[in-house]
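Two complexes are shown next, each including subunit A; its partner changes from subunit B in the first to subunit C in the second.
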Partner chain A sequence: MIKFLLKRAALTLPTFFALMFVTFVAIRMVPGDPVEVRTGERGISPERLAQFRHELGLDQPIWKQFADYVWQLLHGDFGTSVVTNEKVLTEFFALFPATLELSAAAMLFAVLLGVPAGVIAAVKRGSWFDHTLMGAAVTGFSMPIFWWGLLLIMLVSERWGLTPVSGRIDLINYYFEPVTGFMLIDALKSDQPGAFWSALHHLILPMIVLGTVPLAVIARMTRSSMLEVLSEDYVRTAKAKGLSPFRVIGYHALRNALIPVVTIVGLQVGTLLAGAVLTETIFSWPGVGKWLIEAIGRRDYPALQGGILLISSMVIVVNLIIDVLYGAINPRIRHGR
Partner chain B sequence: MTRYATAKGLLGLGLAALLMGSTAVSAKTLVYCSEGSPENFTPALNTTGTSFDAARPVYNQLTEFARGSTTVVPGLAESWTFSDDAKVITFKLRKGVKFHATKDFKPSRDFNADDVLFSFNRQWKEDHPFFKVSGGKYDYFNDMDMPKLLKTIEKKDDYTVVMTLNEPNAPILANLAMDFASIHSQEYADFLVKQGKPELMDQIPVGTGPFSFVAYQKDAVIRFKANKDYFGQEKALIDDLVFAITPDPTARLAKLRKGECHHMAYPRPADLEEIKKDAALQMMQQPGLNIAYWSFNVTKPPFDKKEVRQAMNMAVDKAAIIRDVYLGAGAPAKNLIPPTIWSYNDTVKDYPFDQAKAKELLEKAGVKTPLEIDLWYMPVQRPYNPNGKRIAEMMQSDLAKLGINAKLVTYEWGEYRKRMQQGEHITGQLGWTGDNGDPDNFFFLRGCSAARPGGQNLSKWCNKEFDDRLKKAAAMSDNKERAKLYEEMQLIQKEDAPDMTIAHSIVYEPMRKEVTGYKMSPFNRHEFYGVDMK
Partner chain C sequence: MAVDALAAQPAQPVPPGPLRAFWASFSENKGAVGGLVVLVIIALMAIFADVVSPYSPFEQFRDFTKLPPAWEDGGNWKFVLGTDALGRDTLTRLIYGARISLFIGVAVMATSVIVGVLLGLAASFLGGIVDTVIMRVMDLILSVPGLVLAILVVAVLGPSLTNTIVAVAIVYLPSYVRLVRASALGELGKDYVTASRVAGVGTMRLMFVTILPNCLAPLIVQAALGVSNAILEAAALGFLGLGAQPPTPEWGSMLADSREFIRSNPWIVTLPGLAILVTVVAINLMGDGLRDALDPKLKRS
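On to the complex of A and B.
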């Protein structure tokens, strides 16, 4: 197991390094640097421009800048935002709980609806439910998040008045200092009656918007994996033994059908974090997605590099965990057979 | 009751509670849906309106702009006098002004001259202990030429500050009313140094303003509460002021309609009609403190000829641009300054759209067609120009009718400005957003000193009649006299046509009907003192 883990971990190192390099180079290829973006029509005197560039190390050759950056990272220093002058790590971890809360809720929504829907569709293959679900899944998968979010806001919040438009809690009636950064937990701990409901209420729409694509993917994957498993001999044997359909499907078939679904769930973590960038912007959700968008606009190199690196590392780590989990569920992988 | 029915009932109750939200009673709270997060809470370090709006409730300046106007009025300085040579300004400071307290810091004294010196020296003196704190980039202090203007700032006594200038400069009083000149507490700075956390100066702001800072959660919310000790005549009439940071304009409008906020920043032009129809909302509008223009480089033929420049002004259909590109959010500009700035000359006659006359003028100037020129357009959207490329295309099509082939050119935004300032273009678009409401802050754009390569006079136009008046007005302290000169300058500029003034944007501010007493600021500031709710 340890050998397996080490092997997997070693495989992530080149990915990590490539990521570092691509992020570093890509942002520098975007025209305009952090100093120029700050100045408006008034412009900036060449002396001040040179001074600021020097302070940010932008006057160095690019290879030197990259080497310095790697050296900094090796010392655990992700740099300081050139806009707010705060440490990138501090900013990231102040905002990350909001992203995590939203992503976890979206994933929960996707799994809790997607797996049962996929199972039912497989069991009732060819039925109207199956056709409707698969049609909806294709639609959901191809849904542009920005459009979907705005549509739900206009319909559910504005027209029907069922949910708040955006934000994490009702700002007029509730105020408490954040402790964990997870609004649901903080609201629960705040002892303010109604705060938790308000927080939950605010989570509904962004959760649905962010969870839509993973929901579609999981439902489709569960269905096809389930169909495959249902045609296996051991399922037929289980049925022949006279087990209840619930036991056959829920225990024998689903357990095996879930193996590829787990992998897909892992891969969806990347989709979720990418989707969070848009969802957070639409719903004024103060997470790292929105922060990264602003960092691009302001050419905040350290924030952008650090943020992308941290998020990508998380995706890599989650996929590593999934690999391990997959191995645990399916020993054939672990033993390399 | 069966287990199923009980569960169903509980679920129903839960959902009902969830969907109804809360009904808790609160103090008078105004929620402003703002467009973004501030960089920090020290205006001197920042350059964006978003950051200034977020810090403004907390601070005052020596001089201030009267709410809703560009007129300079006393702030923390209750009066000032100029020396005979207009180089020395003596400020008498207001007594009994209290700084806000925070959870940890309790001010032991009132505002005095030390706070003024601290606030300016931090931006000015490189050896000041706070100069380097939070990055130490004081863009506005430098952009407004304060290091060049200021000779000394001295404390005469606790309530008298003497500012000596290197040369007479009338706009300085307006400069001092700008956000970068906000007055901070020296005592708070000392306290933070003792705590070993000087950077908190810029994160937990302490000022004398109508609201005191309560809390900030990045990208989510900023909270303020009314300052009961505020010295100003116009106080905070609400108890709590909340900035709900909502970057998407569609979401901002949805929140406003639903009552989740009471006032919103920057509506989308496409939503204006719908907002006007909404019975729960009201909308204010006025021209922004800005100008979009099309500059002709007078150092390059044939634009060295006045007739050609005038012809250009007549060749382009300005009304069509306002209609099709600004979509109602722009007003045609005939002067460089918008009508909200004092000294605006309404007697100036703009050039009519008259292509026949334009052709005549071109012939008179001896211009042979087809004529090849370049037309630089902005690669970015700006408050005064929603779509540089579209405007350029419309101009190009109008010019083609006169046999002028305009080649459209653009560069990356930083590069674009740099090259235009060097004068590489033949003709090109740009614009300006005013800083302090003083006419000089616009007219310097056509002054001779800005016509040098690298300067901001993109027409590279140096007209002695214009420039003499510009210099003279800057050295005078009587605004009535200055206004006369600026009015004359507008006539000179229109006649000599170094540019075509395209438009001033129109700024719209939607709010709920229950908001009363709000005044639109010509500076596009969002200010909530003196604002109440029905």
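On to the complex of A and C.
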């Protein structure tokens, strides 16, 4: 098992290295001079300019710049934003809990609705519920979520006035220092009555928007996986033993039907992070997705570079964890490679 | 007598040709046929946009800005789906938008299929270091979330329609490479390939004439679904201001333009998104039908 784990981990190393190389090269190919961004429109004396270039290491040969870059990364230095002068790593991890909170809520929403819906559709195969759900699922994963978000804001927030339009909490009435960065937890801890509800209220729409595509995928996957399992012999045996249908479906069948669903949930991590970029932009949700888009607008390349590197590293690590977990659950995979 | 009996026998049923068999299987799926019909209509409108649409997509009717659709209060039948903030006819812009979105979808699909087939076949045939390098690069692309990668590519190359196509094609490349490589590896061990080899067939011919046709079914299915993904991704880039630039009537950037009217003029926001959704649903329904018809192994029960 240890050997399998090490082998899988070692396989990701070239990917990490290539990732560093690609972000390094890509950012240098970007049109526009980062030094000019920092100095502004008016221009400065050539001496100051040279000094800036030297500070940013831009007067070094390119291979030296890359070596320095890798060296810094290995020491946990992901660069400094040229706009805010903050460390990229600090900025990223200050905003990341917001993204994580939103993504986790979206995934929870998708699983809690998608799995039961898929199971019912499979059991009542061919019923109106099945047809409606499958139609909804196709619509769901075809959904342009940026439009879906605007549509929900238009209806739920503007017309019906049920939810706030943007942000994570009502800042006029509630203010407290972030402790964990997770608004729901911080709000609970703050002992301000109503703060938790305000945070939850703000979370609902973004959660639905980000959770829609995974919901559709999970519902479809659960349904087809359940249909397959329901025709297996052990399910027939369980039925023949006289077990209640609820127990047959909920216990014997579902446990096996969920295996591919778990894989799909893992594969949605990248989708969630990409979707977070759009969702956060629409709802002004202060997470890393919105920050990344703003970094492009401000030509803050160190932030863009560091952000993409961090997000991708996270995806690689999560996929590695899922791989290893899956190998632990299913010995066939562990020994197959 | 015997001759008569033979003649009287009903004619043997002729096995249906591959196209007929495909159509018979495809048309069983009502959703797929519906998707195909809608898609054909959208495609025809896109192709004949110059003839079908009432105005030019850039023509501004300054006296008729932000009109609602004709059936709403204050609507005008001269502008069936209303006008935008600059007084441009929404219907016209949606029709031209279909042209752009479908073009992006098909261009992305064609690019990534062609490059994907070449790389996938190269990886499976040459093996060794070539295989390793190609597959590691694909792993790298897969490790960056799709939209984030597209954003990086566009940030480097600059926002434009062409760069959108390049960016999205890169994002979807790995799925084709993996698919082609896996099915080619599966075919390589089969007897008919060995037979061809023994018969002295060259590598090129083996790759493209012997093996590739046998990998086509999953590839076609993937390509159909790839078109819809590409349309969504390109629209998302347009929405973020990183895709096609105004005044191009691209659906995503039309949505971005309309964001400020979310309170006052909801239909300016509603229509472009609806166009994206309908197109993508149509393609996905058709893709499901294609999969069921071409690739019975993958059939959803």
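Assume the second predicted complex is superposed on the first by the 301 of 337 C-alpha atoms of A that agree within 3 Å, B and C clash if a C-alpha of one lies under 4 Å from a C-alpha of the other, contacts with A are read in each partner's own complex, and residues count from 1 in each chain.
Definition applied: a residue touches a chain if its C-beta (ideal position, glycine included) is under 8 Å from a C-beta of that chain, and two chains touch if they have at least 3 such contacts.
Everything numeric here is computed off the predicted structure, so don't read it as measured data.
Chemist: Looking at the overlay, what does A:Leu151 touch: subunit B (first), subunit C (second), both, or neither?
Modeler: In the superposition, A:Leu151 touches subunit C alone.
Chemist: Of the two partner chains, subunit B (first) and subunit C (second), which one does A:Thr281 touch, if any: first, second, both, or neither?
Modeler: both
Chemist: Counting touched residues of subunit A, say whether subunit B or subunit C comes out ahead.
Modeler: Partner with more touched residues of subunit A: B.
Chemist: Pick one for A:Thr180: touches subunit B only (first), subunit C only (second), both, or neither.
Modeler: Touch status of A:Thr180: no partner.
Chemist: Check whether A:Ile316 is in contact with subunit B, with subunit C, with both or with neither, and answer first, second, both or neither.
Modeler: Once the two structures are laid over each other on A, A:Ile316 reaches subunit C alone.
Chemist: Under the stated touch criterion, which partner chain does A:Met143 make contact with: subunit B (first), subunit C (second), both, or neither?
Modeler: second
Chemist: Once the structures are superposed on A, label A:Met29 by its partner contacts, choosing first (subunit B), second (subunit C), both or neither.
Modeler: second
Chemist: Could you look at A:Glu294 and tell me whether it touches subunit B, subunit C, both or neither (first, second, both, neither)?
Modeler: Only subunit B; A:Glu294 stays clear of subunit C.
Chemist: Would you check which partner chain A:Glu91 touches, where first means subunit B only, second means subunit C only, and both and neither mean what they say?
Modeler: So A:Glu91 only meets subunit B here.
Chemist: Could you tell me which stretches of subunit A are touched by subunit B in one complex and by subunit C in the other?
Modeler: 31, 150, 153-154, 158, 281
Chemist: Give the list of subunit A residues in touch with subunit B in this complex.
Modeler: So the residues of subunit A in touch with subunit B come to 31-33, 36-46, 48, 52, 82-85, 91, 94-95, 98, 150, 153-154, 157-158, 161-168, 170-175, 177-178, 192-195, 197-198, 200-201, 204, 281-284, 286-287, 290-291, 294.
Chemist: Could you please specify the touching residues of subunit A with respect to subunit C in the complex?
Modeler: Going through subunit A, the ones touching subunit C are 14-15, 18-19, 22-23, 26-27, 29-31, 135, 138-139, 141-144, 146-148, 150-151, 153-154, 158, 224, 227-228, 270-271, 273-275, 277-278, 281, 292-293, 296, 304, 308, 311-312, 315-316, 319.
Chemist: In the complex, go through subunit C and note every residue touching subunit A.
Modeler: Going through subunit C, the ones touching subunit A are 31, 136-137, 139-140, 142-148, 151-153, 155-156, 158, 228, 232, 235-236, 239-240, 242, 252, 255, 259, 262-263, 266, 269-270, 272-274, 276-277, 280-281, 284-285, 288, 300-301.
Chemist: Taking the complex as given, what residues does subunit B use to touch subunit A?
Modeler: 17-19, 21-24, 26, 29, 31, 36-37, 39-40, 47, 134-135, 137, 139, 142-143, 199, 202, 215, 217-221, 223, 242, 244-248, 250-251, 254-255, 257-258, 260, 382, 412-415, 417-418, 421, 430-433, 454, 456
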